[in-house]
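In what follows, structures are represented as structure tokens.
One chain, chain A, appears in both complexes that follow, with chain B as partner in the first and chain C in the second.
Let's look at the complex of A and B:
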């Protein structure tokens, strides 16, 4: 139609663009070759700077070129006055800025920028901080820039307070950015540190000392403000995880003090078992065993070959050293690296002996969740419950409430906790296995606590929907364990820590693997009815349990194997001699 | 007078407001010949922006009410057999009740020397009356009426005050709109600007604050997620309730069970039912949905949804404002129209339409110079229609006030923010008042001043409706011990709101398309939708405002693609590229305060 504007077709435009690209590529390749030739010829001159500049401004991720540039700059630096060096590097900064515009996430650029600032006679840190501000306002998750900012802040001595205000600003404009929250968590302890606890606690911690206070804590007054900030965020958007993570950090977690939690010795086996508060590698930890004042040459081994770091370690005493029941012995295990030790006395007439702290929930598990005072936790629990009333389906809120309840009183809140876990699995089915495992962990902790209070060596946790086993190091002294009617899939290698175990009941699970039934010296009875043990080879580890006299495998697929009896007697010759053997 | 030769036209557009400009641009874009006539000497009619001095002349003009005497003889002779004539109105009566008050002193007078004069001045309230204003030479007497600085105030403060003379001297820096609107980030206007590439002709600024006024106190309305998070006025439970409600509004259609019992009831009742506190109800009703107490639930929900959907596209509020004023927008479309061959004539209007009796269609128009111009469609603004052609005259009025102040209603860290303030009615029967405060970086007022627009649907004259709000916001000290905001200059007027009228309201030939004037709402959706429907009426098979091609992609007649001066091509090209780069990749440019829609493709919205 007349009067209409004629426009190039897309094909025409494409063709033009293609030609343009081809031309660019050709120029790039020839320049690159020229630069690489120059470098291998060892030429460090202005021309090299120019050529690399051309290439890098179109592709700032070419690390070799940045390296070459540094060589050239170092060379040029030697022949210049201080003023000129300043100018040289300032123009370099300008150039890098241009490159950052091409790719704000170029490793090469940021690294080169840090390097240039170390070479610059008078670095302008204010300018660099401004650059960080601008970059982060364009992309608040550019971790290259976050890193660079930390460098700049450190070098230029920007006050922590100023940086905290910076996070205020960023969080204010978008509280879903965990980078800002995290940065905040590194600043607060510097600005508002927790007043140091009693000075005495630092010197030679006794074995009974309470869990260490976390070193990166914040003073209470500031903490209360931070709780409020987190409340504002998760009440505004309870589905945003950043604030919840920050909140978890605020509530804090203490690390347990490193110590020897238990020493057990048995006359019959002439064996010492040592439990630590966390997994260690005993061979390299400087462990020393002293028996009646005499240091002993012993070989430490973990309870299962697959556990290189383990909380439980064993050693055999020299034959005959403790076997006579009429003798009394004093045993000390020294952990030289941690300056700690534990004694154990084996009295006349006793077949075994142990020394341990009677653990309270505070020491065992609560510290993992929070070190806050219970009044603070109580208030926080109230806030979360208030949110839960408004958002009964919110998983973050439910999970946080569970953790708070556990930190406050795990046994008292057990019923509510279980109900919340049920809701969690319903509202977040994708993670139901995680919740089941977590719930199992808490149930095991509760059962351990109950066992401690009752002062028994029997651990019973049947019909509780357990999906995993943990804290097995705490069960070192247990003789009877009942895990029937759960959803366990295996007895993991850690199960071998139950060095005193005599009877295991684990009927009606879905156990496929018995890896953990390994060198359990006192194990006599194993009941594994209605599980998923399929192959005879799965039973191999049982051969190492020399006292096993009773094994019940009814209701397992393996039970249907042809010649099961003869196969078994080959596999477990010791067991088959006894009468009570049930297949 | 080349244009006089153009007598065969497809579309003739008369009195170009926003709607008319869009229609003209759309028609011209698809190859129609368009003649654009306006009897005024400025573009955009009631959508126009004026400099301060321009506004003063406009006020003068209004007062004189120039009546153009028509001479029938001129056009009688042009009428042929079988033709009929429909005369157009030559008087624009869309503006009424214009009042102007000036509070700025005429010249700088040192207070220290004339404390006695002060007392003299504070009484004659009458004297500030506008009629004097246009002749500032008339009296050198101090016209300051404000509850101004007591003598105890340091005189230095007073000396800094901006005088009337200064306003006149710096008058060029003002761009004062007769219509006060903002652009919804996802409204029809912004979509059209992007789609048609017309956005390249303008620049835009974010609205920085959404405010409200409760109990005489101006405060921020928490509307975005970040606002709710940062709000100090809300309890955490309120925060949750508000966010929950807003989230629900975003896709309320998916949950009809939540509101179906309230479809026949006011939105306010629904809000109450949702357990929103009094506080939150006010925020949602007045400042987010911006509806009245009587609005029904579904409409309220839709308005809330629209507001929320606009959030985050160009910043933390849902609105943009064009730099240099709203009057830029019709001009941008005029420019596009001209680029594709549209012709413009100012100070030139149509006296009457020539109607073919047989088909009852307009076949030509006769202009004020007696020229008969053929056309196949005629687009005209409502105010040109005489009463004889009207079936109904049921239109409403908008009350407007324009203020020049020297401080913001809500001073904050940055004094260069545009604020939208919604003021709930003082009595429940009165309409809510909408206030837009423009800072000088919006290029609508001189540095050191703010241009404040107040708008509401009229219940009385503009002054009656708005003066109480002005005194509430600007005369009452908000923080004890601080001086109240100073108003330098005020103009009140009423504007006719014809937006409720449609084609059935006129008895006119079917190829005459009447466009209603600006409506009272905050957005321009109504005008854009009307433009689109008129366009489809004129050209049912054509696309409405397809993207205009880039200059480098245009092929010029007879030559290869690069023919028309490589210089031009190149300069445009590099400019565009640099701009693009600055926006997308340049980490060191200023934080994008001035968002240009031109550079915003849907992909870069997030």
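Let's look at the complex of A and C:
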């Protein structure tokens, strides 16, 4: 049905075609009706095999016929000796192979073949592997065949090494080899696993992401060899996108250790804010709060109703438990599901306190670099730069250079990175939005790093063509944020994680939605001049920010609303009138 | 030595406006000529075909042109004793067509014409030890079926009958190095499977487990110079992949990573001006219902603003579709799930 070119033909040709089809249709309908009649009559015999054979050869997607065929075969099994059953199913395999020649991509065919192998007294896995080899030599991207091959390999005990060598051959000889690289990514962790972590910190299995996805599951020695393999592929053909995809996987960061990144306590609000290394659903994680040695009965809530899974969770301490500033307190949050915890001391005279592993501590935005890995990546960066000189328009190369620079030294390469992103948008304009968002992410990462080095709680990223926000869980402690003169469209629900935020400047963007300005307990000043806030209802969530005293909405469509002053004072009654927006 | 990018070239005389009336006529007439060759040969997926056709007619505001009573009777005749529903009379039940049937009945607000409890039992009974779902009693495992299972149960308000943790665990075990998903653990990433898995994870409230930036990149790299989308690297563009890729991007919040204008012109160029319908790619034979429904659906997701200016009924359809998508993305398991929510979705059926 797919991939047939439309060719205009004469009236006579049309008529001939029509007659031909009518004939075919009649034959099909009569065979189909005969088969279904037989089946209704409960007949499971050779004739049924013949009739279904006719139909399935050219209609392998007619699934019910495969089902009928299986019923017949099962029935025939009961009256045959083992060696006859063997022959019966071997001949079935011949039939299936004939079908596959006509249609190598029929789910029904491949599934039936798998089923036949479960019925064969003596399956011949060597033959099956040969079939896969032949099929893949005709079409290396046939995923049905690859999936079947994986079953054959498992059943017949072909070694992982052998299969890795198989991918070596295919990758070396063919351009369209994405399937081979993919297969490789699944084989490596089996053959060269990363040594298991200390069992004391090991957790019970949970539904987390597949082992395939994380290159750290492959031991470093092997990983570094893989760089060379991919590198050779895209140096031979810089447009071999498969190798570039694979390379990006190699550059990927390890899955973060599951832990509590930060605990923040506010004496005034008697509230605890907890940041986790990944989004969680607090109620399912066995969280326990201990205050001065006493477990506390608390209710955990997310920072925004839309965030059922979130990296940041809040709870309120029993009233009066920490409010007296002359008292010192010790707080511990236990994450019992992951056998980890974090302490936080709230000292006398301190209104707030926190304890955390910073982004720098966790090496969040760069690779963990052993000496060996660092030198390999440096060499790779050099080579890619050489390639770029030869192919200045190659987007894969440009992007990979950016990723290499970030793996090695995100801050040191910032200027070059921005320049490369500019070039990327020029040579690959269809994906401009992607590059803008990715660049925004990297700028945010760098700003977080700079903020941490400076040991301040001010996040400033204005006039940087920011198109999106991310890593907002890293901004839990930030008091002042400046996002002015960018291209942001919204302050998403995740913005509600900025529990310490006092001042927000986000003038000169294209912001339409303020969903994330929700129950921000310390937010006092908000400047949103020259954005796209259109309706009063867009401001509703601000009512939950009870400390808000300044709101600048000049230059937004909403400020043209009739009686905007009185409307706003109804919507946001706590807003100090004299300090409100200016009409 | 350099690889040529596999792609098509759009001819200047290709259509560049949406020929909606032709498409509506095409569907309304489809199947009325029951002696049609392709119609008969596609009987093995009839239930899904009906679903795609109805959805598209509904989006175009012309659902009333379809024969509701006839279709409902047809569905009733396709439910088997085990509770499962087949593609057509005389065919065997399967999860794919069980979902399509439930979708159609939801669209027609007539879910109780079939034995709902039995459908639920049928679906539940297909879950395996490892959390995966078989398509039917013959045991083929595929993440498509995980999607069919939860979509069916969500529409019936019965997600709680299956082992959710294991179902999620199985789908996540199919995540690959590139952030995408395949049929089974170890299978290569493919746009159709990615649609099924991201759809599954959306319904089950587990989208945070997806690496949206990585997967979004893989998905936006499906767009070729012609503007069309392929289903995986180094393949030709195909209009149906526009649906799966676009829907997946929408689910993970990255739809703006595709060049909208270029995709639009590719799709319009796939139209057959004579017969109505869409071909896989400009110049090919029309692949009837499959492509048409997928195309109209995704054009509504992405280009609906254009339609609102041309036709009032489409504007209404656009709003319902926006609600649909918002519901899917923010779906909370256990909450009520509007029946119209699946107007915008179709099932990746074998072909």
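Throughout what follows, the second predicted complex is superposed on the first by the 498 of 583 C-alpha atoms of A that agree within 3 Å, B and C clash if a C-alpha of one lies under 4 Å from a C-alpha of the other, contacts with A are read in each partner's own complex, and residues count from 1 in each chain.
The working rule: a contact is a pair of C-beta atoms (placed from the backbone, for glycine too) under 8 Å apart; a residue touches a chain by one contact, two chains touch by 3 or more.
Just so you know, these numbers come straight off a predicted model, no measurement behind them.
Asks: Please indicate which partner A:238 is in contact with in the superposed arrangement: first for chain B, second for chain C, both, or neither.
Replies: A:238: touches chain B and chain C.
Asks: Thinking of the overlay built on chain A, is A:190 touched by chain B (first), by chain C (second), by both, or by neither?
Replies: The answer is neither, since A:190 touches no partner chain.
Asks: Which partner chains sit in contact with A:563 here, chain B, chain C, both or neither? Use first/second/both/neither.
Replies: After superposing on A, A:563 lies clear of both chain B and chain C.
Asks: Per the contact definition in the header, classify A:283: touching chain B only (first), chain C only (second), both, or neither.
Replies: Neither: A:283 stays clear of chain B and chain C.
Asks: Between chain B (first) and chain C (second), which does A:546 come into contact with in this model arrangement: first, second, both, or neither?
Replies: neither
Asks: In the overlaid three-chain picture, which partner chain does A:173 touch, first (chain B) or second (chain C), both, or neither?
Replies: Once the two structures are laid over each other on A, A:173 reaches chain B alone.
Asks: Given the superposition on chain A, which partner contacts more residues in chain A: chain B or chain C?
Replies: Partner touching more chain A residues in the overlay: C.
Asks: Which holds for A:36: it touches chain B only (first), chain C only (second), both, or neither?
Replies: So A:36 only meets chain C here.
Asks: State which residues of chain A lie in both footprints, the one left by chain B and the one left by chain C.
Replies: In chain A, residues 1-6, 175, 236-238 are touched by chain B and also by chain C.
Asks: Going by the contact rule set out above, which residues of chain C touch chain A in the complex?
Replies: Residues 1-3, 5, 35, 37-38, 40-45, 86, 90-92, 94, 136, 138-140, 142, 165-166, 168-169, 172-179, 182-190, 205-206, 208-209, 211, 213-214, 216-218, 220-221, 223, 225, 227, 232-236, 238, 254, 256-259, 262, 272, 279-280, 283-288, 290, 330, 332, 350-351.
Asks: What residues of chain B sit close enough to touch chain A in their complex?
Replies: So the residues of chain B touching chain A come out as 30-31, 33, 225-226, 228-230, 236-237, 239-241, 243-244, 316, 340-341, 549, 553-555, 557, 561, 581, 585-591.
Asks: Report the residues of chain A in contact with chain B in the complex, numbered from low to high.
Replies: Going by the criterion above, the answer is residues 1-8, 12-13, 97, 100-104, 131, 134-135, 137-139, 172-175, 231-233, 235-238, 383, 386-387, 390-391.
Asks: Show me the residue ranges of chain A that touch chain C in the complex, using the header's touch definition.
Replies: Within the complex, chain A touches chain C at residues 1-6, 21-22, 24-25, 28-29, 36, 40, 59, 61-64, 66-67, 70, 106-108, 111, 115, 141, 143, 146-147, 150, 175-176, 178-179, 182-183, 185-186, 207-210, 212-213, 215, 236-242, 245-246, 249, 252, 279, 306, 308-309, 429-434, 437-438, 441.
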